[in-house]
Every structure is written in C-alpha cells, then in structure tokens.
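Below: a set of structures, written as structure tokens.
Here subunit A shows up in two complexes: once beside subunit B, once beside subunit C.
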Partner chain A sequence: MTIHRGRGFASINYPIGMNLGGDPSQALVHSNPGGKFMVALSSIDLGQGMKSVTRQIAAETLGVPVEDVYVDTADSDTGPHCMGSFASRGTHRVGNAVIQAAQEARAVMLEAAAEELEVDPADLVTDGKGNIHVKGAPSKSITTAEACGAAQFKQGRTVSGRGIFLIPLSEVDPETGEMTPVSCFAHAALIVDIDVDDETGEIDVVEMNSAYELGRALNPRLVEQQLVGGAWMGLSHAAWETTEPYYPERSHGPLDFNTYLMPGPGDIASHHISILERPAPDGPYGGKGPGEMCANPVLPAMVNAVFNAVGVRIDELPITPEKILRGIRANGGAQPQGRRG
Partner chain B sequence: MAKKPIQFHLNGSEKAIFVEEGQNLLDVIRRGVGDLTPKYGCGQGTCGTCTVLIDGKPHLSCLTLAETIEGRQVSTTGGLQRGAELHPLQKAFMEGFAAQCGYCTPGMLMAAKALLDKNPNPSRDEVVEAISGNICRCTGYEPIINAILEAAKAGGARRYG
Partner chain C sequence: MTIEFRKEYFADERDDNLNEIGKPTQRQDALGHVTGRSPFFDDHLFDGLLHIRCVRSPHHHARIRRIDTSEAERMPGVVRIITGRDVPQNLNTLLSLLDFGIDDEPLLSEKKVSYKGEPVAAVVAESERAARDAVAKVRVDWEELPAVFDVEEAVKPGAPVVNDIYPGNLFIYHGKYDHQKLRFGDVEAGFRQADQVIEGRYQMSPIEQAPTETCGAIAAPETNDRYVVYTSTQALFFSLDTTSKLLKTPSNRLHFIGGTVGGGFGGKVDSLHEPLAVLGTMLTGRPCKYIFDREEEMQVGAPRGAERWYIRDGVMNDGRIVARKFIGYFDSGAYTRLSSYAIIKGVGHLPGPYTIPNVYADVYCVFTNRTPATAMRGFGITGVDFAIEAHMDKVAHAVNMDPIELRILNAYRDGDMKAHRRLAKNTALIECCQVAAEKAQWPISQKARQASSLREGGGERAKIPNFTAIDQNGLVTGFTAGNYARKAKRSEPAAPQSLPTQTPRHDSVPVAPRYEQPVRPQHQPAASAPPPPAPPAQTASDARRTRFSSISGLRRR
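Coming up: the complex of A and B.
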C-alpha cells in the first residue's frame, strides 16, 4: 500500500445569470409614513444572503441607514416578478432592480423634502443617517421620517419606486453563430492537494487554496461564508454525491443518507481563500455574486489531482474508490505524474 | 390505537400529554406540545437535525419512543435563550456565520451543548466528533466547528444549565 500525494489545478469563468427571456427581475420600494422603507421582492432567500444584500443596496441608494430598510420576499402573489434564486443571479439581477426602484423612491422623497424646506430638490443630499439637507448647509435639514410623513399626510405623494433589470435576449447570429448570452463573468482558480491510497482507492483531501474574482464583495462575511460552504459542496459533488452511481442502470441508486454520501465534518480540509475585487461595470455597486461558482472549480481540480497522484484519468463523477482502483488496475499500477513547479 | 399518558420536563417546564404507542419523541415535541425548534429531516436517524438532549445527553428524537421519556428532562433549542439573552453557542453561531439555510442549526446547537456541558474546553477533534452525526448542506462545517470553539473560549456555557 502506498499513499500518493497529488495536486490538481483548475480555473473557471463563470457567467452570472442566464439568457432566457432576458432573465428579468423586478423590485418595488416604498416608504411608510414613519420614514422606513420596504423592499418588496419575490426573490427567495435560501440562506445565501439575498435579504441582507438587497437591504444594503436599497439603503445605499436611498441614502438611509440600513436599519431603516426592510426586505419582504413573501411570495410571487404579493411581490413583483422574479425569475428566481439560481444561476448566481440574485445579487446582480435583483440588486440592479433594487437600485432602479430605490432611485425612483429617493427622487420622490427628495421632492417631498424640497417642498417642506422650500428649496430645489436638486440641491438636497442625504447623510445616510436619516437626514436630508441642503448641500453645503447641514442646518437646513429635515429627517427622512418628516419628509415621508409630509408626503403621506400633506402632499399626497407616494414615496415609492419601481425597478426592473432586463438584458435583452441575445439571439444567435445565423451567419456567424455569434451571440452575447452573458454580460458579466466571475472568475476563480483553485489548487487542491490530495492523498490517494492505491490499495483502497480512497482520497484524503489535504488542503485547498483558491482565489475568487467576484466583482465587489458587497457583504464580505456572506461572500466568505458562501465560498467556504460552496467549496465543500464542490468537493462533495467531486468525490461523494450521486443519485445514479451506475447510470443509466438504475440499481444501487441511493434512497437515503445511509447511501447518499456526503463528506462529514471530519472529511474537510483547510481552505485558504483570496478574494479579488474588481467591480463589475454593470453590477450593483460592482457586485457580481459568488453563487454556484464557489463549487465549480473544485470538481476539475480534484480530477486533475487524482491524475497527478496515480495517473488515472476520471471522466465520470463522482470520483469513487472503485473508479480509481479500476483505473490503477487498467494502467498496470499507480503511475504518479510528478509535481511541476 | 391505545394512548398512554406520559409526563416529562421540556426545557424545565412540566408537560403531561397522551402519546400513541410507537409515536416518536420528535412528533410529540413538535405536534404534541408545540415546540417547533427540533426539525424533521430524514426521519431515520441519519441527519441529526432532530437532536435533543435527554437528561443532558444527545438523542435523535425521531428514533426515540415517546413512552421512554417518562419522568425525564428533555432540552431543545427552544430552551437555550434566557429572556432576550442568547446562549453563548447561539451568539457564536450568529457572529461566526455558522448557518445559511439554518435547517441543521437546532441539531448542531444541541450536539454542541451536550459536548460543552461535559467538556467546556474541547479540542477541535472533539468538536468534530461531537457533530459528526449532524449533516450540514450549506456551511462546509468549518464555520460551525469554529463557532463551537469560540463559544467554548468565551466560556459561560455551563451557566445556562
């Protein structure tokens, strides 16, 4: 029995969102008379941080404290249309829609404030702390609550805004085959070091090192959380999970967690992540969205690491001990590829 | 089906309820007495999200016959908080971003509580072992392990009984 150390590398371009029907999402923003704002979406927060990030984006655009913004993602009956929480599109698509809606609501709020202060709305700024004042004259001010209250009870205005983000559907050019299905790409590179046991075919993940370029990290802690968890999911897809172990043969398909395998807390390895921020021109405050990309580079990197360790080229996931052992046998033994660099 | 009266303590308060023969503890806690904090995941003892403490030890409530808890102390996540004050584990989970979808969190918290109650300064390996019966889909475990170690470091977990 010998343990072979292998290193695998993979880098990816990851498209944000999709090209189906323009991939639109809408947002509605309105204030209540107390000066707090509600963002209505039908985009669902699965735990990935949709509510936190859209709340930050709305607060930034409106010019109010983040505490003054609520996000309601109730359902598709009560919220405006959204394509959904998938394709790593939430931050980018919904965030852009929220900016548009918040800009419109902000404009009405400033008009209401201007009427109360008897000034031009173009001369007004917000301080992000709940106040609106004349540029260069902070004493000439009104709170957002007073402005929204005046809109409601005196002026008869709705402090509200509508937003939609839509990239027109890109058709294929029949002459050249060209199309522009995606406006925004995120990028990642990942190195994984593994040990492969040539007697059992088992893999032990030793360490992962990665770099992700995902526009501006609008909420750095949530980004880090997604990257750490997503890499685990990638690892799980690479070496554990499958619903069809002998596809297209349906036998041995797992029906429960006894047979549907996933790495446990004892199977994880240390993962060092670098986050590169290059704000995207068409992203909300430069954000793209980590989303599915966190998992993607792990799979090809793992396959490459197995080849590097024992010379077996796996072309069907997951990388099971059985596939590694069959590969080693077909090659007449383990064939370590050596390390470069 | 015959029903049987049982009495037990849930998070310190006495409960008396009729249970059906073969009814599991998770069902009694959730539907019987209305504490929805332990979750139903797999229903066969493989995911760990239904973990509760019985007399201080972690048990899979989906596999525990309700009749067997007569007179015993059952603890759930619902009893962790003291008024407005979160349990040190809850605080550490929140500050350490140790939950995404949150479905595994009640089981993780109770498995961690059982560990810290008997071993206030666990090693990383002991933490890993304590939560090895709990599956998490979102976090990759790392933030959960770190949060439990942070809660231990912050101390005071025992004060919460």
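Coming up: the complex of A and C.
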C-alpha cells in the first residue's frame, strides 16, 4: 500500500445575475421622523446575508450609520416585487435597486436639511455618522434625525425613495446562440492537494489554495462565509454526495443524512483563500456575487488531482474509491504523474 | 484556514474609502439566528392546523387507471382528500411566469405518473400521523409503463414518451430546434488546422441541495377573504404568482410572508408547497401545512440534475486551443422545471473563460423517468465547468504543458470576442491563476506570471469570425415562435392566441437601464443560412399539439 500525493488545478468564471436579464427587483426606502430608515424588500435571505448586504448598501448610499437602517423582507403586502434569491442575482440586482431607492430618499433628506440650514442642497454632504453639513464648513450642520424630523413635522416631505433594477431581456439567436447572457462575471482559480491510497482507493483532502475575484467585497465576512462553505460544498459534490449513486439507474437513492454522504469535520481540508476585487461596472459599489461560483472549481480540481496522484481519470462524478481502484487496476498499477511545486 | 484580500490588484478601479461598504459588519439577523429566535416559516403556530401528506407513485412510469380514496376518507382525523380534479388549473410550468416554455406538469397527476414519487392525491388531516395513515389507505390502480432513465436512450426513436407535451423527450427551443445551438466560426476547419484533437466524455452526478430546513409552507385564512402563507420559498413572487395561476385566484388575495429561510441552494424555487397548502385551506377553511419530510426532500424534491458532456478540442502543439465542440445533455427528469433555461445560461457560458476562435455546441434538454431536476448553486454552469476543466487537464497533458500555463495562455482578456458574440470586459481569470499558483508555490514561467487580463486582448481577438458554419440539424415543425426573447426581425408569426398567464410581461416595463450597454457587434448571418421555414399548415393533429415560442414558450392553440 502506498499513499500518493496529488495536486489538481481548475479555473473558472461565473455569470452574475439571471441569464438574459429580464429579471427586475424593487426596493422601497423610508425614514421615520427620528431619521431611522427602513428598507422594504421581497427578497429572500437564505442565510447568505441578503438582509445585511442590502442594509450596508442602503446605509452607504443614504450616508447614515448602518445602525440607523433595518431591512424588512419578505412580505408581499409591503415589500415590492423581486424575482427571488437565485442565479447570483441578489446582491447585484437588489443591491442596485436599493441604491436607487436610497438615492431618492437621501435627496429628500438633503432638501429638508437645506431648508433648515438655509443653504443650497447641492452644497450638503453627509459624514456617515448621522450628520449633514455644508461642504467645507463642518460647523454648519444638522443631524439626519433633525432633518428627517423637520421633513415630517415642519415641511411635509416624505423622506422616502423607490428603486428598481432591470436589465432588459436579451434575445437569443436560434441559429448561432448570439445573446447577452449577463453583464458581469466573477472568477476563480483553485489548487487542491490530496492523498490517494492505492490499496483502498480512498482520498484524503490535504489542503486547498484558491484565488477568487468577486468584484468589490461588500462585506468581507459574508464573502468569507460564502467561500469557505461553498468550497466545502464543491468538495462534497466531487467525492461524496449523490442522490443516485448508480446513475442512470435509480436504485440505492439515499433517504436521509445517514445514507446521503457528506464530508464530516474530519474530512475538511484547510483552505487558504485570496480575494481579488475588480469592481463590476454595473454592480452595486462594484459588487458581483460570490455565492454560487465558489463550489465550481473544486470539482474539476479534485479529479485533476486524482490523475496527478495515481494516473486515473475520473470522468464521472462522484469520485469513489471503487472508481479509483478500478482505474488503477485498468492501468496495471498507480501511475503518479510527478509533483507540482 | 486563512483569508486575505489582495487589495493591490485592480486598486485603481476602486475607491476603498467608503463608510459602510467593505466593512465586516455583523449580520442584521445574527443575534436572532444564534439564539434560535429567528422565526422560520414552520415557527408560525395556528390553532386547528391541518397537515397535508401526498400519495406518491411507487412506479417510475405508470398510467393511473383509478384512484380510490373511499377507505382513506373514513380514517380518523381525515378532513379532506384532494386530487387533481380539485386543482383549478392543474397544469403548469414554472417559467410560464416569464412566458418561457409550456405548461407540462400537474400539481396532482390525474392520468399518468412519470417519476417515482410523483403526487397523485393529497390527504388533509388533523395530524401528520393521521395524514400518513390515510395516505397508506388510498388505493391507486396502476398500469405500469416502460420507463427510460438514460438521456441518450431517451432521445432514440421508439423510446417511451416521458412527458406527453414533448413527444420526442426533448424540449424545443425557439419553436424551431430540439436543442440550443451555439455556432461561432467553423470547428471542423479548426480541427483540420489543429496539431491534435482531444476528446472526452464527462458525467455530472445528480445531487441534493440538502437544506437544513426542508421545503414547505403554511397557509391560513386571513380576514377579508384573503389567504396568508408562510413559506420557505427562495422567490416570494415566483411562488405567489404560481399559486395565483394554479388556483385561479387574484394575486392580491394572497399574502405571502417569508424571507428567512434555512438554506435554499436553488431547491426552493419550485413552488410546489404553497399552491397545495392554499388549496387545502380553501377547501377546508382551516390552516394547512405542507412540508417535505427528509425522505421526500432527498428523493422527491428536485435535485441538481445530471448532465452529460462530450468535448472535442482542436489544439496546437504550443497549447493554443483553436476549436472546441460540445454536445451536452441535461437530464431534466419528468418535467421541465428550470432545466430548459439553465441550458441557455450554459450555452452563453461556453467555451468557458477562454478565447477560442471556433466554438460549436448542441445542448439538449432531455426528459427521463426520474424526479424533475431544478436549480442548484451554479445552475447550468457547474456541470460544464467540471467537464471543461477536467478536459483542460487532458489537453495540458497531451501537449506536455503546465496546466496553469495552459489556462493563462488561452484565458480570455478584456476586449476579446466571446462565442456568444459580445466583448469580454472586467475579466480577471489570469490574475486568479497567478495568485493561486503563488499561494500553493506551484511554479509557473515568468511569461505566465507577467500575463495580464488588461493586456493583449482585443484587436484580432475582438473579431467575429468571417465565416460561421450554420446548420438546421434538429429542426422541428408544427410549432411557432412567441415573442419572449425572440431574435429581432425574425419572420415567424407569433402564436395567435392570448398568453397563458395573467402576469405582466417583463419586456413592457418602461425602465431606463442603468448599466453599460454591451458592445453589440453586427450579427453576421452565414451565407449558408436558409430563410426560416414557413409555418406549417394547420392540420388535425396540429390542432391538438402545442406551439413553441422562442426560448421557448410553447403554447396550446
């Protein structure tokens, strides 16, 4: 029995947002008289952080502290239309809708402040800490709470805004496939190191090193949670999970988590991640969307690592010890391909 | 486990001095989640809640001769048994909301089942236990039919017809072809020019989204003749509009509440639970819960479907890929759900993040006798990325080149023309390759280290090939295009009758786009492209048939 170390590489890009466009999302933003803002959406927080990222986008655009904003989602009576949280569209589409709504609300807030300060609204800036002041004259200032209160009780203005983001639907040519699928792409490259046991066919994932380019990381901790979890899902897809182990035969389908295999804590490899941020021209503050694409490079990198370790090509997922052993036998023994790095 | 932000890359394209963006702010819902107090749909309690369980097919493919519910109805705790007759509009396809595809799936099947687990009746009972006991007492007289499970078997002549709407077991694109085409340049000429031709076959396995919280919904009567629905959906208005359509109920009588969901990964778009929960409430006047148990989530809830890909690459000995051809099969299972659409997404993604002068793809959406597939993380892309990147490794091996250097050599760069005929921008594949190599101490050449996504793109690489080989393989007749995503100035007549859905059409929303207009090169029709065929004359059999629209909606006449 020999343990063979193998390294595999894969690089990918990923289309952000619903394919072909035509998928609007809306947002409504309003303040109460105390200058606290509510963002109403119909988007779904699946655990990915939809509420948090839209909250930060709203606060940034309004120019108020993030604590002054809460996001309410999803109630169809109060939240305006959204296509949903799928296709890496949440941050990109909803984020842009929130920016538009927040810009409109901010403009009213600044008009109210200008009236109170008796200045031109175009001369006003926000400090992001709850104050509005004249550009270059910080002493001539008013709090966002005072401005919103004046709007409500003295001036009769609604500090509110509406937003929608829609990329119009693209056509598709039946003959050539010419189309405008999406407007921006995320990128990734990943290297996985594994050990393959040529007696049992078992794999031990030793380490992953990766670089992900996601546009601007709007919240670095949310990005981290996506990438760590997503790469785990890719690992699981590559070498553990399937609903039909003998596909296309339908037998032996797992019915619960006892028989549906997934990597446990002892199977998780350490994963070292570098994040690159090339802002998307049409993304909210340049953001793209890390959620979906982070699993994709792991699958091919794993099969490429198996080949590097023992010279067996696994072209049918998942990678199983049986497939590895059959491949080794067909080759007349393990054929390590040489170390890389 | 380490995370680093490489701010030196693309620094001149960012303003890093923002107040809230880029900050590691704690999640708004963190406290509720970690203390177990965030309300999920199943945390909403109702007095007199009824429970729905479905009677499911034990066969992969069978005709339903008769459903006998009489014994089940007498079981203790049973309030109502729902069958297909009770569903006001018992045929739907999810993307009809986008005018994409034709209704092909019943909520509760009446005539036949096409996958194991397909629901044919629903028991509404005072407890889940009572519902389960009554489900066991529903007698269905089945006539088992031959089934087909392999995508390439399913498209052969004489294969069992899985879905009567699509007699060839293939979704029809643009009212015209039984697959989606991608044609860019001439791959056959590219293969002749190449030093080597490298082929591969790849099989992507089906997997389960496996959310912690299984799919479900609770419906209850609300005041003023409305219904409130707490749901785990990933797409609130998808589920609301689907329910509105199936139950023929105006959308403003439905009040959907969700937004906090215990994992989705694509598996909570299908909107199976909301319509049945609301229907149960309509029929009983009481709150109803319909939720998958784990076994249903695993085998009845739609998985990520399997995909099979064949790739053929023409490669020069220096590693340049000059032609790449794909034949792809998506296993959609018994019904369309979202696979047809994922294929267009996948085709727009080909040939992966590389600039290749000749690209060809035929991708088929195939119906088989298994659980319908649906969206999952990376939908339309994960499977073909597996195939492409496993294939790239074979190409590197064949030309004796470092796998990372092969990627960098072929990587797309800003300004390159992509196979879907739009220019690449905002690219960063090369930089990702370089950083990953550096982190893992995988040595690559100085030339590869110095490459950049910002340089050496465009120019000749921005050009659409002078000649693109066009064909009419897979042409179908008897269908006509509608107007969803139709190529402009195409001469097929629109379907003559009204749309299948009452929801507004998205192409009529008058909103100014706030995005950079894509560079749109002139489309160059190949000399060999014949004029579109005239619509076929109406025949007796046509009258019964469905009509396909563009991407492709099918319409019943």
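Everything below uses one rule, namely that the second predicted complex is superposed on the first by the 329 of 341 C-alpha atoms of A that agree within 3 Å, B and C clash if a C-alpha of one lies under 4 Å from a C-alpha of the other, contacts with A are read in each partner's own complex, and residues count from 1 in each chain.
Simple rule for what comes next: a contact is a pair of C-beta atoms (placed from the backbone, for glycine too) under 8 Å apart; a residue touches a chain by one contact, two chains touch by 3 or more.
These figures come from a predicted structure and were not determined experimentally.
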| item | value |
| --- | --- |
| Overlay on subunit A: subunit C relative to subunit B, clash or fit | fit |
| Contacts of A:Ala280 with subunit B and subunit C, given as first, second, both or neither | second |
| First, second, both or neither for A:Met233, with subunit B first and subunit C second | both |
| Following superposition on chain A: angle at subunit A, subunit B versus subunit C, Cα, nearest 10° | 100 |
| Partner chain in contact with A:Asp256 - subunit B first, subunit C second, else both or neither | both |
| Touched partner set for A:Val182, first subunit B, second subunit C, both or neither | second |
| Touching partner for A:His271 - first (subunit B), second (subunit C), both, neither | both |
| Partner chain(s) touched by A:Pro15 [first = subunit B, second = subunit C, both, neither] | second |
| Touched partner set for A:His81, first subunit B, second subunit C, both or neither | second |
| Residues of subunit A touched, compared between subunit B and subunit C (which is higher) | C |
| Lowest inter-chain C-alpha distance for subunit C and subunit B in the superposed arrangement, angstrom | 5 |
| Contacts on subunit A seen with subunit B and repeated with subunit C across the two complexes | 46-47, 221-222, 224, 228, 230, 233, 256-257, 262, 271 |
| In the complex, subunit B residues that touch subunit A | 42, 44, 46-47, 97, 99-102, 128-129, 131-132, 134-145 |
| Residues of subunit A that touch subunit B when the two form their complex | 46-48, 221-222, 224-226, 228-233, 256-258, 262, 264-266, 268, 271 |
